[in-house]
Structure formats: C-alpha cells, structure tokens
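You will see two complexes here that share chain A, one where it goes with chain B and one where it goes with chain C.
Moving on, here comes the complex of A and B:
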C-alpha cells in the first residue's frame, strides 16, 4: 500500500505516534508563522532527516514530483503578485511539508500507523468513542477497498452483456446494493461470534 | 454504534476511497484537483444517513491524514489537509452529516428536486463556504481569485449531484437503509 522502506535508522525506530504528532506540529507552526527563515530551516532539517533515515535524494525528490507543477504555478503566481520573497516562502513551506509527510509514510508501516491512531484516540473514550470500534472500522475499510474493486469488475462485465457498460448509474447501483447486503451479512457474522468491542481491548 | 453501523461506516469510507481510483484533474492557479470522491460524500449522507455517513467520512479523512494513499491519484498524508484543497477535504464529514440529516428529515416527502437541493446545499454550498477561504489562505491568493478558480468545479459538481440523486433513488428503492427522524 504505502511505499514503506524498511530500515533500522533512528527515524524508523521513532514511535509512529510521535512522528504523526511532529508532522502536525511542524505543519501548524509553518502556517501560523509565515517566515522565510523558518520555512527554509524546516526544509533543511527535513533534508537532514532523509539523510539520517538513509533515503536517497532521488527517492526524496520523487515525493515532490506529483506536486511539482502545482509548486511551479504557485511560485509564479506569488512572484507576479507579491514578489520573490513570498514566492520563496510558499515554495519552501509546501516542499518542507510534503517531504516531511513523505518521510513519515516511507519510514512507518501502515499497520503501525493504524495501531498508533487507535491508541491516539483513547482520549476520546469519555466522549463515547470506542477505540476498539474505530480499529474494527479501519480494518474493515482497508478490506472493503479491494472487495469493492472486485465487485465493480464483476458488475461491469454483467452490464456490458446488457450493453450498459457506459452508464455510471447502471454500474454503481448494483455495486452499492450488493455491498449493503454484504454489510448486513458481515455484521450478522460478527455479532454471531459474540464480538464485544468493550472487551476486545484497544 | 451497533456492529451494523460500524460495518456501514467502513463501507462508505471504502466507497469514497474507491471513487478515488478515477484519475483526478488538477485545476491550475489554485492547485486543487477535481475528483469523483466528493460523490462519495453525497452517497454516504444520502444512503447511510447523518451519523453513519458523517462518521464514514471522518474515518476516511483520518486515514488520509495518517498517510494512507486513499485520495484520488494515490495521494495521502497530512500534506493533503495542509494543502490548498484541505478545506474541502475537512468539510467532507460535515457535509455528509448535513446531507444525511436533511435526507432523514425529508424522507417521507422526498422529490427529485428536494434531493437535488439537499445535495447542492450540503455537497456544494457548505463545502465551498470553507474550501474557498482555505485556498485563499494556504495558496496566498485573494478571496475573489480563489472563488473564481473554484468555479471550475461547478460543472463537475452538477454532474456529480445528478448522478448521486439517480443512484440514491435507485438504491433506496432496492435496499432502504434510512430511518425518518
């Protein structure tokens, strides 16, 4: 799923929860304090962390590629409207954040991220959010995505036989109805096994 | 939430992710992509209802923030929420909740036009109300420019509203899931 790069570096071994929190903190700080020196410092620090994690510069730059031309357009707009200082700020800030987010996903397994999220939501317990239920919902969601793709392929074939392959409605309605029926079966199966989220731990 | 509710939540979070498999088209100047995923928001509200639909989209946004590549084009991570399109994404759970709430309120007297109105209100007006100022702040363009740039979404949104109404009506007839409130 996420391109995880196994490793033993301090960045890899840092607890996933801490990495998520650091990402949120840096992101918030960079937008709250729009200063070029801070953005450049964050960019430089991110570069150092990539080095520490043993990730090649090529792979690091690959993180920026999907955003490359958005960055170019943003910089040109800023340059035209607000001068080169603000253009550099916008570019440096965006690049630093995207690189940092990429670093977290490159050095953390998705399973560890989910577990960290589930633990991180424990404080919501008094508000009626059960972290074990959230964990179940996350696991089910990740399982449903390939199932949805498979059902869609099946329905598309059936509708092609009827000459309806171009109709999005004729494709989506049977997929959704089948998934709804399947959801009821899955829920019944989970309940039949006496699933009790209050005792499931988490 | 019952087990059935949890499974429904997972289903609509997964449906929104699956709609991201259609390749996105990125708009110039404001740098926000058009995706089929906002239809997932409309369907979650219209089919799963306020509580389950809103929770499904909250779960989806949580997973995206955690770095799973569930957004259109295989994007993910907090960079998405911090980026120009973040306002739209953060409004998705609210939009799904409001759409679900209005659907449940009007369930006994739903007409096609009422459904269109509900989806435009929740899926377009509400999300733009936060999404446009967000673009202006993050991309540092003025509000008018952000609004003008976002106008490019409107044709796509119109198509998505029409599709969502057609799908929601057909699904409701085949497999009713909403309770009037």
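Moving on, here comes the complex of A and C:
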C-alpha cells in the first residue's frame, strides 16, 4: 500500500467523495459491461490520470506489484478455459480497477477519505450503523497494516533464530498475541485522546 | 490538583495497588519502582483510563469514575510505545485526531496542529506516513498529539524506554520544556533528577515520597 503523495494537481484537488464515487462507478461498469474495449479504455484513462497527477510510471506499476501473482494466475486460468480475449479482459479490468483505487489513495489524504466515507455513510445511521466508527475502523486498518507487517517480520526473524522458520504456528501465535495486547493499548490510547463515537465526525 | 483517596486496584485476584492516599500538586512528579510494582496502573488511574476498584481519584474535583471524559481533557497520557498511540496513518492527521475529538473548529485545529508540528521539529514530515518515522520522532508525535489538546497535566508512562540515547535526550528536553505539569513514570533516573517530587512504588504501595536527592539514592539502594 502506497501512502498519500502530496500534490496540487487537479486529481489531488478533486473532492474525495467524487473520487470514491467515480471508483465505485467505474468498478461497477467494468463488471456490469464485460467488454475488452471498455476495460482497455478505462486502463488508458487511468494512465492519463496518473500523468495528470504527476505520478511516475514506476510508482503506478508499484500499485500492481502486490497483485502480480494473482493477476498471472487469473490470466492463465482464463487463457486455458476461455481463450486469450477473456484473459485480456480479466487482466485489463483488474489492472484498471487496482490502479484507479491506488490513484485515489495516492492523491487523497486518509483523513479526507475517511471524512468523505463517513459523510457518505450517514444515511445508514437510522439502521444503527455509526459512520464515525466505520471511519475509525478504516483509519486504524490503514495505520496498522505496516505495523502488522513489521511485527510479523520481527517474529519471523526471532523464530528463524530458533530454527523455526518453517512453522506457521510458531509465526502466527506470537503475532496474534502481540496484536491482541496491542489492541488493548490502542483502545486505551483512543480513549485517552477523548474519542467519542457518538460525537465524532459524520 | 489530583487527589487520591484510599485507592486500591486489583485485576481479578491479583492486587496491584493498596490503599494509596496522595495529593499531586507539584509541577514535575516522578514515579519509579520495579517491574510489577503498580506504577503503570497508578499512571492509568490518573486520567481515568482505569477506574480504581476501591477509593477515589479526583482531578480538580472531577471524579474519574463519573467524569472520565472530562478528566481525560484535563489529563493527557503518553504511552510507552508510541506505535500503540498513533492512531491515524499520516503524521499531521494523527496530530489533529485529538483536536477533532474536542470538537474544535477547523481553523483552530489547523493552527494548533501546525504549532505542535513546528515545536517538535515534525513540520517537514507532516504529510509522511507515521510508520516511517524514527522511534524518537514517533514519541515526539505522541507527545505533540497530546500537547496540542492543551491538557493541564500530562502523564508519561515510561516515555524513553524504547529509545536510544539521542532520542532519550530529545524526549527529556521536550518534557523539560513543557508548560504543563507532568507526572513521569520511568526507569531512567537521569531524567528525573531535576523533578520536584519522587514517588517510589513497591508491591502496590508508595514506600518513599520525597525530593529526588533523597528518594532516588534510596530507590537505587532498595534495588541493589
């Protein structure tokens, strides 16, 4: 996950709510209308938007790296089952969607993104959904993905030093225990900073 | 003033604090003690993160049991591990988190955030992801996040434990420069030498309550 990249481009200045809606609309359209020409057009348009945002091709491609293997497997399966046109459609559609989602996070501050989501979810309040809690949950997810990765790397190193590098249990149990302990502290830290879900945002 | 009256605390069967009665009024108060002596639990009672199982803690007349939220506005808390305290993914956003919770207007949030970023040398990394900061910068961000909320007192729970010497000095300077009253739980005795009062904990009780010149050597002797 690549964090926000400060900038003053029109893509950066576009309201976060509009970016999220555009992402949802393009995603829906790509799956509702499974056409290769549309998927390629979306991919090309996304490329242009990256250019407009002043983001390098290298950073754009980095958005696809975590999905590279999944993409390869999907393309091979489609190639075997349905032919090359279907494989190209799957690849172009998924790449366009991932790149577009990456563009949203690269050009939008997470606080603005969360605020927009909270505002967008306000209509769910009568159904008992608290948009502020949803917003905080998303913020915490964004914040703690790298922390979880760092903890996993630390535990893996410690277990390797003890000759346990192939044991999944030896890796997951300490990671889960540390995350649970950490979650208590994080809850206390949120409390200590006067968070009140009934008054916060949205 | 923080008034502690006949406070005891237990986690299930395990008693960690026993019948404490103290008035905390000094500008700089240090809390020391061995592992498991009850000092971190004591620190968490001071801003209502924990409520005592017996007795009362009052901050300027507000009872932590009944008025927890109001107490937390008066008493800020800096945790040992800043990674557990930084809530939002970007430096400036995390700093503004507490200010938004106070319901301040946007321009006031921006002003206070900018001021705190400059004060702690974090202005250049305002838009950086918090997880990429150094340990010292993370602890400074944690302090700045609490300080921006303008509490009357800040409680620090072992703020230098995870830091190297350079960063320990930076945090010591930051604490020294605070206008607010500070209550610091620490094993770092150098940090506490210039404090006004030292409380030494052992087995859930305050066994020494004196000036650093008296309390710190006594604590060292106790630990030897």
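Definition applied: the second predicted complex is superposed on the first by the 122 of 202 C-alpha atoms of A that agree within 3 Å, B and C clash if a C-alpha of one lies under 4 Å from a C-alpha of the other, contacts with A are read in each partner's own complex, and residues count from 1 in each chain.
Criterion: contacts are C-beta pairs under 8 Å (C-beta built on N, C-alpha and C of every residue); 3 or more make two chains touch, one makes a residue touch a chain.
No experiment lies behind these values; they were computed from the predicted model shown.
In the superposition on chain A, A:194 makes contact with chain C only, while chain B stays out of contact range. Of the two partner chains placed around the shared chain by superposition, chain C is the only one that A:4 touches, whereas chain B remains out of contact.
When the two structures are aligned on the shared chain, A:117 is found in touch with chain B, with no touch to chain C.
Of the two partner chains, neither chain B nor chain C is touched by A:85. In the superposed model, A:109 makes contact with chain C only, not with chain B.
By the touch criterion defined above, A:150 lies against chain C but remains apart from chain B after alignment on the C-alpha atoms of chain A. In the superposition on chain A, A:186 contacts both chain B and chain C.
Contact comparison for chain A: of chain B and chain C, B touches the greater number of residues. Once the two complexes are laid over each other on the shared chain, residue contacts for A:177 go to chain B alone; chain C is not touched. Using the contact criterion defined above for the overlaid structures, shared-chain residue A:140 touches chain B and also reaches chain C.
Under the contact criterion defined above, the residues of chain A that touch both chain B in one complex and chain C in the other are 110, 136, 140, 142, 147, 186, 190-191, 195.
Put simply, chain B touches chain A in their complex at residues 1-4, 6-11, 13-15, 17-18, 21, 26, 28-29, 31, 43, 47, 59-60, 62-63, 66-70, 73, 75-79, 82-84, 137-141, 163, 166-167, 170-171, 174-175, 177. Against chain C, the residues of chain A that register as touching in their complex are 3-4, 6, 109-111, 136, 139-140, 142-143, 146-147, 150, 182, 185-186, 188-196, 199-201. Listed in rising order, the residues of chain A touching chain B in the complex are 1-2, 20, 23-24, 27, 31, 66-67, 70, 73-74, 77-78, 81-82, 86, 90, 94, 97-98, 101-102, 104-105, 108, 110, 113-114, 117, 133-134, 136-138, 140-142, 144-145, 147-149, 152, 168-169, 172-173, 176-177, 179-181, 183-184, 186-187, 190-191, 195. Within the complex formed with chain A, the chain C residues making contact are 44, 47, 49, 69, 72-73, 76-77, 79, 81, 83-90, 93, 96-98, 100-103, 127-131, 145-146, 149.
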